[in-house]
Amino acid sequence: MDETRKRSHTYGDDELPPPIERIPVLRWLKENLFSSWFNAILTVVFTVFIVVLLLGLGKWALGARWEVIPANLKLLLVGTYPLEDIWRIWTTLYLISFLVGSAGGSRGGLMRQISMTIAIVSVVLAILPFGLMTRGWILGMGASTGIGFLLGHFGKRFRRYKHIEIGLWVLSLPVTIMLVNGISGLLPVVEGRNSWGLMLNIIGAIVGIALSFPIGILLALGRRSELPAIRLICTAYIEIIRGVPLITLLFMASIMLQLLLPSNVRPDLLIRAMMTITAFEAAYMAENVRGGLQAIPKGQYEAANAVGLNKLLTTTLIIMPQALRLVIPAIVGQFISLFMDTTLFGFIAILELLHISRSIMGNVQWRGTIFELYVFIGVVFWLACYSMSYISRRIEKSLGVGER
Amino acid sequence: MSTNNNEGIIILRDVHKWYGDFHVLRGVSFSMHTGEVLVICGPSGSGKSTCIRTINRLEDHQKGQIIVDGIELTNDLRNIEAIRRDVGMVFQQFNLFPHLTVLQNVSLAPFWVLKMKKSKAEEIALQLLERVGIPDQADKYPGQLSGGQQQRVAIARALAMSPKIMLFDEPTSALDPEMIKEVLDVMKELARSGMTMIVVTHEMGFAREVADRIIFFDYGQIVEENTPEDFFHNPQHERTKLFLSQILDY
Amino acid sequence: MAKKVASSHSIPFWRDIRVLRVIAQVVFLALIAAGIWWLFNNLQYNLQASGLKIGFRFLKNTAGFPISEGLHYSPTDVNGYAFFVGIVNTLKVSAIGIVIATLLGVIIGISRLSSNWLVKKIAGVYVEVIRNIPLLVQLFFWYFAVMLTALPLVKNSIHLPGAIYLTRRGVYMPWAIPTDSFGTWAWYILGGLIVGAGVYMFRRTQLKRAERPGFPIIWAGTVFILILAAGWFITPGNPLKLTIPVLNKFNFTGGLSLSTSFTALLLGLSVYTAAFIAEIVRAGIQAISKGQTEAASAVGLSKVQILRLVILPQALRVIIPPLASQYLNLTKNSSLAILIGYYDLMNVGTTIFNQTGRAVEMILLIMASYLTMSLLTSLAMNYYNKRMKLVER
Amino acid sequence: QTLQTILDRGYLIVGTNAVLPGFGYLDTTTGEYSGFDVDYGRAIAAAIGVDVKFIPLTAGERLTALQTGQIDVLLRNTTWTLTRDSMDLGLNFCPTTFYDGQGFIVRKAEGINSVDDLDGATVCVTSGTTTEGNLADVFRAHGLSLKTQVFADTEASFGAYDAGSCDAYTSDKSQLASLRTTAKVPADNVILPDTISKEPLGPVVRHGDDQWFDIVKWTVFATFFAEEHGITQANVATFESDNPSVRRFLGKEGGMGAKLGLSEDWAVNVIKAVGNYGEIYERNLGPNGLDIPRAGSLNALWTDGGLIYCPAWR
Amino acid sequence: MSTNNNEGIIILRDVHKWYGDFHVLRGVSFSMHTGEVLVICGPSGSGKSTCIRTINRLEDHQKGQIIVDGIELTNDLRNIEAIRRDVGMVFQQFNLFPHLTVLQNVSLAPFWVLKMKKSKAEEIALQLLERVGIPDQADKYPGQLSGGQQQRVAIARALAMSPKIMLFDEPTSALDPEMIKEVLDVMKELARSGMTMIVVTHEMGFAREVADRIIFFDYGQIVEENTPEDFFHNPQHERTKLFLSQILDY
């Protein structure tokens, strides 16, 4: 583009800036709200509707018993996680915010914005009237992001730094789970099934995605295999899983799965639920990945073959990187729905966020706070899911999907 | 209709191929010497692409014999690998790897297939980019290049495996008119340097100037095989004449 | 050099692509079979160890539990029939939900492309909000918060004009039920249909002969309604009787009643699915290349004509397959009914399982029912895709 | 071999209810279980001298959880029925610890006095229990018309009743008493006098391990025995008696522990851990708990006209 | 640099257009007589397409004047409709309606826009299909035709509205070499019949033979406007010379 500009000056006329509108606001109104009588009517009707809705909501929000949220905040967020062990959760949060900060420092771009957001949010939260301890913990999160950021910023000069960073990211998942869950013998085990709250939803979703991702890729490759037996089996698996509701599979996990395992293997319900959701999501993941694979032109396979790459190299070096890049939005969408699906764990008596909120509603003291609690849960999920899809759109843009 | 030279670097003997019921190649035989430049032309759908794609086994043939550099193309895994190393190919749609830089595109195969050291592979890649005239684009991504530049990268990528034979499948037909010349120039240089080449193209100017022999294809068969002079000024077949009139009219 | 040429007979099998393929498949199948055999073995062992037996005889036993939704059923009916009632209920809520979700979704989807900024934004907010909150939260919200908390008790129900009552017990509205003379009137319906069809054909051929565009359905519809009205006056007595809900000791009787669970489920599923349908509709319309619109306007077609003649026929092809999978999703999501007390097939299925202890059989039956629905839908979709596929070379 | 598995593992796994105060309840703020069934779980653990771990189960899951060996004993207000006890499901029921019966809770204001007044009413039920069947039976027997709403869990179905979506809620009476305390205005609701079914509740174990069956059975009897003989949590350590049965009970003679494969003082440990039947009842269901009157009910000692009776300790 | 003939059927006066901040057309002025054939060429991205698309207002311009057949192009809806009836357009990518048969494609606009009887519209359509040489393809769908045939249908479709002016935007650049000729032949015939035409093309043979005038575009401006003879043999500008050398070398 720069080149274009420069050369264009060869021919006389200078480029002009585009003509400017006189009264942009009026013009905007006319173009966007009152371009025809039908549009004008719509505008009026919807304005009234919005105003009435907002007034009603505002009135209710002012009179609502919001104290139910702070009073039960710990319960909602981490369930009945023992207070004396809560430092373990903070530690994992520190670990992750440190990693995010470090990535922000060493890579910039989107990660930088995310780490900024974490730092700012933690400062803002610390202003809220939590207990002194909690405020300290929260501020610590901002601090660990900052430390990570500085380290990343200066560390990126070292050639190995980014590799180490990726290694740490990969390690962070098992470390988090071990810290939160405990290791028998070393750290007291805190059972997830009845004591994790929102954290259970989050960890469930992350584990689900981390495990279903590789399985999904294999299934997708299997479904596109040129060997009929493999294709058939993978297709059957995917279609059967996608043909039934998740809730029936959870039902099966809670009641029947044990019957399929050897008599000395009796995994905990939470583990069975995770296995189920992984098996379920893998089928959907496979379809997403397959979508990406289908979008890769045949020419890419041919070119890879023609320079002598074998099947394995073609797949790992040429096809997968492109296919996965294409399906980032679909995968994030998948992650979002997986996160939302963890609310179904309540169906098999696992105390996730929604289930816990219902036991709060059952508490005599908090009778009638049903709206407040559901609004809170709705907002929590909405914020999480919306920001994820926002981030995915940003990643998509920064990778230049669909450009070329 | 075809030479039956056993000494050829490429030998096709009565090659047949079907897509389902559709008989694409209907007994193709020809052979080539080292250093020869062969141009294949013919109407669309006549099987030109299919024919040259059987030579590095991007497609398999169902009957007949294809021998490349003394190796017969069969279902033997090792033969196929060996032949792909010997034969470079340049496609109409470039088919560069869009997620890799130009340098990575070119050095990928030497690194992974020939197991060269990375520095060595990149050195070779840079030399080749120089040869095709775009050493300064090494760190860009294909999407940032013009069509002509992309096709030159594709040529460099094929050359990086030091092939004995290069196949070109309509290398200029997806290019803007202005860019065709830059690619043809590179190919001309390559031909002069003694590379054995098969080129499917409609660029008759190029054929006239560079080809040692021209093959005219129709309905999966070789209709005419001739030297450029005779091909253009003294075509043997009616079909060839008709084709030439259409192509050269404007 | 010719001697170097390896002949095809001497390929060692471990390098022959064809042999390798067969081996790979055999190994894969063997692994899968071993896995399944292992699971099956465990199942058999576990069943034996816990003294359970597999069999479907229990479906013929008396159910013994009540269902108060859907087909006529009494607790003395057999389990199999109870399950069937559940299936019908699932289909009922799904079918109505699909209609509502489609209407709502199409309106919102088109609104997202509206030239009115406000309408576009509202539609956008709807989609973004609804899609990012778990369906279960929304169902609970509709059921516990709206239906069971915000709506009043039966005694002081919200009375909408037209004798519609909203209460915590459900929604009650007037409904027409056929009387004795309905049988006579039914002939007029039949007659109206036949005559209407005749008029439609006639008008269509007429238009065709005149070679004009037009809408024969309007003519046919008018005739149909006229015949119905005539029949209403001619037949003695009213063929349909209006029943209006009346408050009794416990509840309203008469009229049409929609249970709370049903209403909440219907609302939740339709509102949720509509957000996805809206996106499909929008994407479908946007998928038609700009070139098509340009070509159409270049030959002078008006905006409405472009939409009707060029965009919609093409967009529908893009829209319908994902739409069908949304319909399927809605049906599968209706299994959440169990959490808000609607008697769908999942709910009845688990009840039967609880009564009889037949875990394996019931889970298999439930899954098989949903799978059948999915398979039928995808069969229909494949047929549709094949028929609607643009003709290509 | 169940006993050996438990000893190897180091703890007993008990399947229980988490949302039924008085019987099995998980306090979500402390993470502690409490209740009548929970105490029996602790008693069994004490008998074999191991720790105990509770697993909350839904009504639907509970039987398979036991059948598949996920839990060692089921203590989740489970009714003893022929079907469940038969070869068909492969379970064994231990002695009944609580005699319950199904009843109805209704709003006082409705003026309902008996089941017959419920004609045409909508009744809320929790699925996965014997309740649905009993309900259908009784309405059929009385020739009443019935409308039900079924939910997967108690919170939902009682919540729906409490919100006014149903006219009545039906469940075991003990449970009704427990739930009434969580109603919006407990005093506005009454439990009807009718008892429409037999609901004997007790521990359940798998078929096929008679030793384990005996241990659980006799742990329950031990609590009966202790009440019959005035042995309590407070005095068990120092209890002295010449009664041979009691001496055998205290492990002072007779080798009763060995016969079950347990230590000789196992019964003492049980009482030390949870007390005798009366104490367990008092703690969970007495005036400080759910307040279900015991005197005159089937849950009184046989000597007081109830059914709580311990076989001979010899 | 441009004729300022007020009598022209198409008159552009100092037309400017921006895409956002990007100045695409930077003061384009020319005019055409009835029956004239104008060829526009120039490098890719120079604004050729944009320029002819402003003429039937597929794009609006932001400054300057465009007058077609005496009607000035403004935001007035009626003017736009009138002009679209007078101006036919053929696109590079054909843009046929894939869900309609060839006959329906061609007869659609006469039936719906001109409110012709169906039989009349179809009769006209068949005549036009005959004129472009494919009367026997009337009942096929566009997807079943070759590229050259599709483009000929597109021409017939544009002609069906009996336009006074035809615009062609690189009508042959998406075609196989053999098919280019069949489309160019149809266009040549059209030009000979006295149609006013603007053709954006790189087919220099066609330009030489058919054009009355050639305009060379670069960076949104007319660099050179010339007769075909002078354009090819005596170009005025360096830029034109460079362009021609690249296009005509082989």
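When the chains are written out, they are named A, B, C, D and E in that same order, and each has its own residue count from 1.
Methods note: a residue touches a chain if its C-beta (ideal position, glycine included) is under 8 Å from a C-beta of that chain, and two chains touch if they have at least 3 such contacts.
What you are looking at is a predicted structure, and each value in this text was computed from that prediction instead of being measured.
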{"item": "Selected pair, greater C-beta contact count between B-C and A-D", "value": "A-D"}
{"item": "Most remote chain, CA-based centroid, reference being chain E", "value": "D"}
{"item": "Most distant chain from chain B, judged by the mean position of its C-alpha atoms", "value": "D"}
{"item": "Innermost chain by mean C-alpha position", "value": "A"}
{"item": "Gap in Å, rounded to a whole number, between the CA centres of chain E and chain D", "value": "89"}
{"item": "Distance between chain centroids, defined by C-alpha means - chain B, chain D (Å)", "value": "83"}
{"item": "Whole-Å gap between the CA centroids of chain C and chain E", "value": "49"}
{"item": "Interface hub residues of chain A, defined as touching at least two other chains", "value": "251, 255-256, 258-259, 263, 347, 358, 361, 368"}
{"item": "Multi-partner residues of chain E (at least 2 other chains)", "value": "none"}
{"item": "Multi-chain contact residues (two or more partners), chain C", "value": "46, 49, 144, 149, 338-339, 350, 353, 359"}
{"item": "Chain D - residues contacting chain C, complex", "value": "59-60, 63-64, 67-69, 83-84, 87-90, 110, 120-122, 124, 127-129, 132-133, 135-137, 139-140, 146-152, 156-157, 159-160, 163-165, 167, 206-208"}
{"item": "Residue ranges of chain B in contact with chain E within the complex", "value": "43-44, 173, 176-178, 180-181, 184, 202-206, 209, 243, 246-247, 249-250"}
{"item": "Contacting residues of chain B [partner chain A, same complex]", "value": "53, 56, 58, 81, 84-85, 87-89, 91, 93, 95-99, 108-109, 112-113, 142-143, 154, 157-158, 160-161"}
{"item": "Partner chain B, residues of chain C touching it in the complex", "value": "1-2, 4-8, 11, 15-18, 20"}
{"item": "Chain C-touching residues of chain B, taken from the complex the two chains share", "value": "6-7, 67, 70-72, 74-80"}
